[in-house]
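Chain naming follows the written order as A, B and C, and within any one chain the residues start at number 1.
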Amino acid sequence: MGGAAAMLVLFTDYGWQDPYVGQVKGVLAREAPGVPIIDLLHAAPDFNAHAGAQLLDALSLSFAPGTVFFCVVDPGVGGPREACVVQADGRWFVGPDNGLLSIAAARAEQAQVWRIDWTPESLSDTFHGRDLFAPIAAAIAAGRFPADRLTARDRLNIRFDAGDLARIIYIDHYGNAWTGIRGGLADPSVTVQVKGHSLTWRRVFGDARKGEPFWYVNSAGLIEIAANRAHAASALGLAVGDIVQLSMPPVSAAH
Amino acid sequence: MGGAAAMLVLFTDYGWQDPYVGQVKGVLAREAPGVPIIDLLHAAPDFNAHAGAQLLDALSLSFAPGTVFFCVVDPGVGGPREACVVQADGRWFVGPDNGLLSIAAARAEQAQVWRIDWTPESLSDTFHGRDLFAPIAAAIAAGRFPADRLTARDRLNIRFDAGDLARIIYIDHYGNAWTGIRGGLADPSVTVQVKGHSLTWRRVFGDARKGEPFWYVNSAGLIEIAANRAHAASALGLAVGDIVQLSMPPVSAAH
Amino acid sequence: MGGAAAMLVLFTDYGWQDPYVGQVKGVLAREAPGVPIIDLLHAAPDFNAHAGAQLLDALSLSFAPGTVFFCVVDPGVGGPREACVVQADGRWFVGPDNGLLSIAAARAEQAQVWRIDWTPESLSDTFHGRDLFAPIAAAIAAGRFPADRLTARDRLNIRFDAGDLARIIYIDHYGNAWTGIRGGLADPSVTVQVKGHSLTWRRVFGDARKGEPFWYVNSAGLIEIAANRAHAASALGLAVGDIVQLSMPPVSAAH
């Protein structure tokens, strides 16, 4: 837990333009000196904790146990939603109890949950990231588990289905559309259906013709819809939330 | 001054896209090894040192004394404006003497001012951030006050009014419009007037109807114009520089 | 090589929006703890290793020997192109062997080249930055040269002309257009021709009239086309790849 190998990883919908990320980092650097702070994503889909929860789980797996994730997609800030800490297979997650952390918790082999029941001296109504989540995340990363500010709970209040989500959950700046379907379920003969299009598999971009849309398993282990040297999401009219279907090929009579 | 607890905080109009921030960080990391470098804002309003000065002061207050702010909104780079260092209640500011640092200086209980009168061996005409301000800021953050490169001054050459600025000074990527009016002056019964709209107070976003514009005191302590799950600046037609007015409610006859 | 003074500097076309940079940094921070990681550019021109190679060389010169550059402009990822390490006058470059590193190599007084012939246990087909280049770059920066994963080579497979490139190679967010022509070749009497426009020299922005386009030698040592308080690229219709010509003034009869 924490210690020399810890990292603080930020996963938010704050965007890059504004001073919010920097204000959070000011708190983290002060409270956990020497711990690396890494920006993983500040473009988590706005107001969409479900897509965010799928993305967060997929992306977190390439970080080592001991990593502390600072997680904010929090349209209900200042309202009645609770704040929580999750430990899932050794990785730590700090954020709102609105489902965002629930998929990482549900898919872990072992997980623990705490409610944050601490009120900092200065708590802005709209910036719990800086005032509440950052001090807790920093304390964990610095190896000082803040037991006096947490209460163990059996489970989160808001829990999303831990299964795959057959929707578009993220569109990157190249126009590649990530689905919430883990690639382990699909073999190369599968066809992906989205918005009336049927897409076949290619291993890498260079195996597709220029502009051809296709699907493949991306570096986060998810089925992704892409096009070679083209913006797949624009070409196919895709948006976060769109439904995706997998079609298995017909079984051959010979089997 | 400086020492183990120092941080280097960047406040510029360089944007994120370009190599300018990275080149500055290369100098800072070399000259102040081990000091955390934090990006606070790279979207300070272009060519607008006055709005920048208000923003810088408001945002700086959540950082501890000892923090060193690297500050660049500098349309006059390479011209006759001087370069300066300000120490204001223990926080350090390094940048152009064009007013950008003047509000932080004026509002501090105690402040000191120096002119940078050093010319580095290699000084580009257009990138004083990398060549001039970064080495000075790094030296201060590393605890090596560069006395031989500075001359104490009574005050800055360019000084903006230290009072509140009743204008829009920043619009964030959510569309929330920050004013230069500190929230301590306003109570919840005040109405904010902007561009022909009258806005009432809400404590948090969730207290407003979907799309309803309102005002509240933001996490930097400033009056901000926002809308619940909507882009207030687009909806109300707001831009940086727009004038804002506060209307007090009529005094009740009963008092 | 590596050691306490090393830095890891990122030069990619990943953009800022997506989780790719953060995933790379997770690997770098784990494998080279304590080494500063600096984002130099994530907006290298897409699919354009030639422009990228010119930019990379120009920008790298302001970093000290020992710096390790993580370099990705890699449309052929997963295909037959090789991966390589270049050491050029003490600076290290890790990336694809598609020409991106070739100008830095060719212009150095002394350079060495290695092929990366290691296949990591988990190598995604599309994210060699995270899986292949990052571990190699981190090992070099940490002072552990990975000799067992590299094979010395006489030269790179793909090599661009090491001379200046008389084209636009980058457009910054202010609208300033960088050329691939080093400024040492031009004196102030030269005229720059681009898209039918003839531009004269100004030392700094403030020496031009408002909106006037001009050329000057920028902070990376390259000829740049700019305009005072205006977006030169939009005003002149410039794009990356556009051809630029320098016209010497007529020789005076008196000489």
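Just so it is clear, a residue touches a chain if its C-beta (ideal position, glycine included) is under 8 Å from a C-beta of that chain, and two chains touch if they have at least 3 such contacts.
Note that the structure is a prediction, hence the values are computed from the model and not measured.
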item: Chain A on chain B, rotation in degrees - Cα superposition, rounded to nearest 5; value: 120
item: Interface residue overlap between copies chain A and chain C, same or different (over half shared); value: different
item: Rounded Å distance between chain A and chain C, as computed from the means of their C-alpha atoms; value: 31
item: In chain C, residues with contacts to at least two other chains; value: 16
item: Chain A residues touching chain C - in the complex, by the definition given at the top; value: 4-5, 7, 9-10, 16, 36, 38-41, 43, 59, 62-64, 67, 172-174, 203-206, 216, 218-220, 229
item: Contacting residues of chain B [partner chain C, same complex]; value: 15-23, 25-26, 29-30, 33, 47, 75-79, 124-127, 130-131
